[in-house]
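Only one structure is covered here, and it is reproduced in the block below.
A, B, C, D, E and F are the chain letters, set down in written order, and residue numbers restart from 1 in every chain.
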Amino acid sequence: MSLFLIAALPFIGALLPGLMIQAGRNTCSTWTGIISLSALIGLLVHAPAVLRGEVITASVEWMPALGLNASFYLDGLGLLFGTLILGIGCLIILYARFYLSTKDPMGNFYTYLLLFQGAMVGIVLSDNILLLLVFWELTSLSSFLLIGYWKHLPEGRQGARMALTVTGMGGLALIGGMLMLGNIAGTYELTELLEKRDLIQADPLYVPALLLILLGAFTKSAQFPFHFWLPRAMAAPTPVSAYLHSATMVKAGLFLMARLYPVMSGTAEWFWIVTLAGLITMVMGALIGIFQNDLKGLLAYSTVSHLGLITMLLGFSTEAAVIGAVFHIINHATFKASLFMTAGIVDHEAHTRDITRLGGLRHLMPITFIISAVASLSMAGIPPFNGFLSKEMMLEAAAHTYLGDNHWLVPALATLGALFSVAYSFRLLIHTWFGPVRDDYPHKPHDPPFGMWLSPAFLAILVVMIGLFSQALVGGLVDATAASVMGNGAHPHAHLKLWHGVTPALYMSGIAVLGGLVLLALYRPANGLWHAVPRPDAKVIFDGVVGAVSSAAAWITGTLHDGKLTRYAAIFFVFAVLASWHAFTGGQGVTTPREPMQADIIPIIAWFALIVGTGVTVFYHRHRLLALVVLGIIGVVISLSFNYLSAPDLALTQLSVEVVTIVLLLLALNFLPEFSPRESSTARRARDLIIAGGVGVAVAALAYTVMLTDFAMPSIAEYHLANSYKLGGGDNVVNVILVDFRGFDTFGEITVLGIAALIIYGVTEGLLGSKVRLSLLERTPNHPVAGDEHPLMMVVATRLLLPIAIMVGVYIFLRGHNDPGGGFVAGLVVAIALLMQYMASGYDWADQRQRYPYHATIASGVIIAAITGIGAFFNNMPFLTSDYGYFQFPPLEKFELATAMGFDLGVFLAVVGAVMLTLESLSRLAYRRGDVPDEYPMDINPSRLPKSEDH
Amino acid sequence: MLRRIFPHPYLTALLTLVWMLLDNTAGPGVIIVGLILGIFIPIITAAYWPDRPVLKHPIKIAAYVLIVLYDIVKSNIDVALIVLFKSNAARKPAWVTIPLDLKTPEAITVLAGTITMTPGTVTADVSAQGSALLVHCLDAPDPDAVRDDIKSRYEARLKEIFE
Amino acid sequence: MVVEIIIAACLVIAGFFGLVGSIGLIKLNHPMARLHAPTKATTLGVGGVLIASVIYSFAFEEQGSLHELLITLFLFITAPITANFISKAYLHRHELEEELPEPNGDTNWATLERPEWSPEPEKTQEG
Amino acid sequence: MSHWIITPILLPTLLGAFIVLSVRHQVALQRVFSLVGLSLLLINALGLFVYAQTGDIWVYELGAWPAPFGIVIMLDRLSALMVLLTAVLAMCVMLYAIGSDWDKRGKHFHALFQFQLMGVIGAFMTGDAFNLFVFFEILLIASYGLMTFGGGTRRLQAGTQYVIYNLLGSTLFLFALGTLYNVTGTLNMADMAARIAVLEPEHTALLRVGVVMALMVFAVKAAILPLHFWLPESYAAGPAPVAALFAIMTKVGAYAILRMFTLAFPQDSPEIAGSYDVWLLPVIVISLAVGMIGILGAKSLSKMVAFAAIGSVGTLLIAIALFTPEATAAAIYYVVHSTLATAALFLIVDLVVSRRPQWQDTIREDRPMPQNGLVAAFYFAAAIAMAGMPPLSGFLGKLLILDAAVGNWWLWGAILISSLIAIMGFGRAGSLVFWKGYGLPETDAPAYEHPRQPLAFVAIGALMAGIVAMTVLAGPMHRFAIATAEQLYDTDAYISAVINHTMEESMAHEKEGSSYAPVDKDLIQTEGGERGTDHPQEATDGHEGESH
Amino acid sequence: MIISYALDFAFICFGLGLLLTLYRVIFAPGVGDRVLALDTMVINAIAILVLQGIQQGTEIFFEAAMIVAMLGFVGTVAYARFMLRGNIIE
Amino acid sequence: MTIEFLVASAIGVLTAAGIYLILRFRTFPVILGTSFLSYAVNIYLFSSGRLIVGAPPVLQGYGDYTYSDPLPQALVLTAIVIGFGMTAVVLMIALAAYLSGGHDKIDMQDDDASEDRA
């Protein structure tokens, strides 16, 4: 079967359980089983070839430019792990079928399980280290789901998050390390990369890469000091623990070390780091394990310890050590998985895993007892079980290992580790199974159904068989695996047998067993001592760190983003000025500035008015109406200045916009408080003044420089001046730029205006549709309200002004192309004329006489502008290409018609519509309960009075 | 019929004039365009000027305008003198009620406007039923004289023109 | 030459009245009194300038122009309304019931006839 | 000549206007028109995308005015990609808005939506600096309407802040444009680039100020610290579909930086070196950190996603600010991913909000919501994508960026550590919101009722599918990204595409005078540069007749 | 020539007028006076615009002057209406 | 006193005023501030075309006429219009926020932040 298929099967299969669960639990589990079984078979098909030393590969490009490819290869190492993952996987699936209660959603469970299985298979088959990273992180994610499977258990959720955090951290470190490695080697393909040992170890990046990779491996394999997450993960359902924490995920770290062994090992750094980490983990894990009362807790720490053992062996970097490591991987997987499962059975039957509440179970559940006993003895390293063989190898290897020039420390500690493991193994065996039958079990236990003990039984048999016929059963596999671990064309050969004669290892073993039993005999005082001695609990430390990080994060986020716009804005201004100033000082200013113009009296007066007006507005700003009145000055002065400085169009626009803006502000102010309270402290005001002043000075300086600098190169505006009439058909260059040269800007500009009006309308509608409406209807004005809502004189005046104003609008519109003016100003003039009507005769009266909905006016404005532009398509010209011609109907003089006028008409309509819709919306807010639409345009009209009979 | 084309004949004339002023030329084309607009615009804005007044004696408008212009010039001089040379204490400001015979809003407005533009008087308000104007005098030793002067000099003429 | 003198005269007169108007704004001691000065003087002030401009255009530019008259027209239509509103505001914001004359038999002056839903004026009102 | 380059801008504009004009009262019809319009837009964008693959740059001179005197619309690989991305995103978001009835909660949703698209697409396609400003304003003002859509105190107050902060940005933009025009005398981006390249040193001071101001403007859009403050509150308070659509808005800023600073303001050019390169990367790294920290520190899911958006853009900008072709390629791959993932997350959060009437998106337990499993699954997938965990495109993008940043180990540290914080944050929020509820004691209160909203899930599914597609097709996408990056750094091609266009135009009209060659300022002749129309003769001799 | 002297005189008069009105806008007992002053200021502005037109011998300022005349009025009325009724469109 | 100095200083003062008002606590002054800021930037943009008196860019026919730079004027026109639209919108939104929130503070208040999403 293709390696792709093997890796893909579990992922594809992950969809099935979800679908199958409707068909019942058996169907669901069966299908899941079939999937991993077929993957296993597909893998084992390649076994013979691999054992012959061949390497099966399969590859397809994914991101070749990056060097990330979906390339797989199968060698001894891959075969070993693949078999463990898939084989034990099948057993777990069977076991879980009976373990999970009917309340648990089995579909999800098997989905997660298969996802995890696929990720693991992916890791061990990857030929590309980036691909390996992908699968690596996938195991973290899927194990997060598996560990948190029981959502209702807080331990489950916390355990899951802890595992995710720790392995996630490792994963990220690993990403770094792998990328470095790949960059050193110039390839991410393992098969090529593993050839480059010397290149890699010579590179300065070797050490950082090594550290990062080991960080990844250690976190995954729960090596000291990252061991603490593993026991917490025991909140997971037992099948998960049995699978992840005996055979697979925790072994991924070992796999990684083994995989990269050919290029990473053999250096002092490797030896020291790996060996010490392993050694410490082994001893410490075993020691802690002894005093665990939770069956799974004990097993978890024992797993930690055994992983340490294997790590240490890899650290030794000798052939014998590697063989030992490989062999122990197999053995540990078998006995530990079956132990987890039996622990699960006990839990399942007795409803507790607490060793202190158990004991004497051997009479009640003999089958489970036998399985557990075999596995425990193997774990203790008692012959003839397989655990014994690999432990001997470990001790043997340890016996010949020097730490620096110290030759006794490693053997001693190794023996100590073995001693501890004997202790906890026997504690498990004796305290759970032996002793008298108790009558206070939470639930009366008895042997489970066949299906549930089948899997552990099968593994127990393996434990025995491998113990007895190791060479025959796994010799070849071990050799092949060791070969691919050693790499560099090594051909290690394992001599797996029970009796090696009297070796140092045998003595150490003996000491370990005896010492272990003695320690167990002294369990009670030892336990007392253990709990008496204070020691740092990594879990507490971890939680402390995570807690601190989280609250720090919350604090930073909260204080930085507390919704204080005043601060945000201050930061904005300061940053903008500093950055600009820094940029300015970095460059060169002009050496020959322009000649400035002398100002005569009027400009100076205007300037004075502007400065004073501005100052006063700021000074009075809390008295809002006053501020608005003074603001009027500034508008007027600025428009006059534009006019004076040869920008009549600007003057017109500024002025008309100014008026409408003022009207808007007044309309809004009608609802707002009329005074702003004095809220800012003096210090605060001083700060603001400094910021404002600083920015002001900077901007003034910039503007001054700008005005006294000549263009570095001729401005494109010269073209506009030269061609405005010749090609644009207009004398008012500004207008021609607006409707022709840069008509697209104007097109956007009127859209903006239209959108603004739509928004204002929408917000108003929203308010009137909400609870705000009531308060609006009931609101009492800030001030006494004068009589005479629609004064006679005003009404009459506007009656005359409206047509005249429209006339003016038309004029300004038509002349815009050649004189100051144009669609925009015309639109504003007409809009303001209409506004006068509204102000004089009231909203209702005027609105009833308004035939064209303003929405439509806006839209048609935009559309007309667009259509005029699209018209150009028909003489095969780009959007907005204008055309014009001169026409004559006697007796009229020759006059010009330009498509630009159509465009300008669009502008005109959009402006009128936008302004009016805006004012309309705002004035609709002012409705008070009891308002009736005005019947007459003016409140007082003698000609309406009954007493007046004439005409 | 004619009404519908020329809702406001005088307005049309005025607008045409405005157009010529705007265009600053008096060619036939300009007049035609002005006329077109002068007819068109009143039609679309007709709704905003309901029950428009009928001018009884439009000719008398000219006379009225001339009188007012003369008064304005005169008033400016008076006011200037008051502003420059008369102490605030010496001034005798006064509120005057001008009872109205006029009924047409347009007429009343013109009267009020005239008052405001002419010697030391400002139309401050209308009475609640529109039977009188409230006028403020900058310096009026004899308020009644002011009232009679206004009624005879302006209101009478406006009455002729509008009603 | 004569034209120039006329133009100059117009300008001088205009300037004079314009200034007087603004001075009135400062000198006169009562809001209603202040209201008189600008609404008049500035009209003649601006009027003068406009007339000057008209004559000037006929005298010195290739094409004479009358359109300044439009501005005058606007001012004549609008100035009284402005004055009316400002005095209304004054009447409204200051308690004058006693010093105002009787409104010729009507219930009250329009501005002072507040709608029933209007809040009562609080004394000492900063306009 | 072909006009398909302008239609992506015109279509939404006209559609928006049309909706306002004729169907502003019938939401059902608005939906129909929106979807039809978006489909057309999608096709249009696809066509342009395919065209861009040829590698040549399409210059469209509006009004037939020769560049740099008129405004040009440009299409190259990058703009084509961004337009396509916008269209895809818009379609998904619109489906969600319809599926969740968001568009019924106020007035003019569809019109504003279309105008928003007009602004975004215009910003991606314009070749003129001031026109870019105009389109920025269009997309901003539309966003003001969308952000406050549906009202509500918090949204309106956040909206006020959002508008005001962006007004500051717009003001700064005008300062920048004024300064740049003052120095270079042009507004066309390509022309500006050409002119800056031959600028005498005595003008560099002002130039640098303009450049840095422009950068800050784009930084506001892209939400780079310390100019990002507008983002969290407004994205969190705004309607979810809008926030999702806004996923593209931060990218507009990123795009603008990528465009202008590869083309016209390269950090290694002597005129500009040292003006911003000294602080840009550090600042970006800080905003990356703040964003990722926010994921862990946020109190509500929507805030969390808002910060995720900041972090994601931070990651993106690291790649951009390296200004190397590899890094840019990485950025181009990542920008697509980031947009889709952010949008998906915002929509998923809205699913949660609408299904938890009591606690909404507060990060705490609540009774399991309707469709908890499905929503949780979506969340898990989107979070993986956002945090840059395998196997989704986020991881691949991150790999690309790290690979392009080899040597800048501090950037590696920043990216990797911040990812860890993000993972912690997402994990925490997910287990609290989706899992912890199962631990609550049973209550006899009736379970929350909520419509199933299949269309909403389809919309999110489509976004996720996009992410999966990016993962599976990573190879081709990356190839495209590389090609795009190469095109970006081949600035001569871009400039000459604009200028030569002008040349051809003027060749065709030799009679009107010599041609305009902006690159060499001595050649500038303002009489030249005839536009492409044949004018009626009056155009030229009519002037004397009209003469004033 | 004489006209230019007259022009300068007028300029100065209206300029001073501008300053006086400015003073009144800033220092006044009430908002009404300020509005009045603002209105006067606008009228002075019109005059100055026309004077500029004469000085530069151009008609280009006409539109501006006309618009100022029209719109200044609207502004003033709006302020006054606000003081009278609070709501300027009702 | 040169025109350039007057204009530059005016820009500076307007900017300073705008910024000071934007740093206030209530929406109304802040909006006034943005208006000031847009005055300032409009004049700045305008001045980037350099200042000329009495040479509006309205063609008098060809010859040795000088004209002020029309391009910045066109840009400022666009900017003014857009600025107006923006002012109107922010005013409306701020008003709506005040009407539904009961206060016109520009900074988020904690009780607002805690309010549920609509």
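Assume a contact is a pair of C-beta atoms (placed from the backbone, for glycine too) under 8 Å apart; a residue touches a chain by one contact, two chains touch by 3 or more.
Everything numeric in this text was worked out from a predicted model, so none of it was measured.
More C-beta pairs touch across the A-D interface than across any other pair of chains.
Chain centre most remote from that of subunit E: A (centre = mean of CA atoms). In this assembly, the chain whose C-alpha centre lies farthest from subunit C is A.
With each centre defined as the average position of its C-alpha atoms, the distance from subunit B to subunit D rounds to 61 Å. Chain geometry summary: the mean Cα position of subunit A and that of subunit D are 18 Å apart. Computed centre separation for the pair subunit B/subunit C is 14 angstrom, with centres defined by C-alpha atoms. Taken residue by residue, subunit E touches two or more other chains at 11-12, 18, 31, 35, 59-60, 66, 70, 72, 77, 81, 83-84, whereas all remaining positions touch fewer. The residues of subunit B that reach two or more other chains are 18, 22-24, 100, 112-113, 123, 125-131, listed in rising order. Along subunit A, residues 563, 565, 569, 573, 644, 648, 669, 699, 702, 706, 715-717, 720-721, 725, 731, 741-742, 745, 749, 752, 755-756, 759, 763, 766-767, 770, 781, 783, 785-789, 791, 793-794, 797, 800-801, 804, 808, 819-820, 922, 940 each make contact with two or more other chains. Those residues of subunit E whose C-beta lies close enough to touch subunit A in the complex are 11-12, 15, 18-19, 22, 25-26, 31, 34-35, 38, 41-42, 45, 48-49, 52, 60-61, 63-64, 66-68, 70-72, 74-75, 77-79, 81-90.
The touching residues of subunit B, when paired with subunit A in their complex, are 11, 14-15, 18-19, 22-23, 27-29, 32-33, 37-38, 41-42, 44-45, 47-51, 54, 100, 102-106, 108-109, 112-113, 123, 125-131, 163. Of all residues in subunit A, only 780-781, 783-789, 791, 793-794, 797, 800-801, 804, 928, 930, 939-940 touch subunit C in the complex they form. Taken in their complex, subunit B has these residues touching subunit C: 18, 21-25, 72-73, 75-76, 79-80, 83-84, 88, 91, 93, 95-97, 99-100, 112-113, 115-117, 120-132, 134, 136, 138. Contact residues of subunit A toward subunit B in the complex are 787-788, 791-793, 795-800, 802-804, 806-808, 810-811, 837, 841, 846, 849, 891-893, 895, 937-938, 940-943, 945, 948, 950-951.
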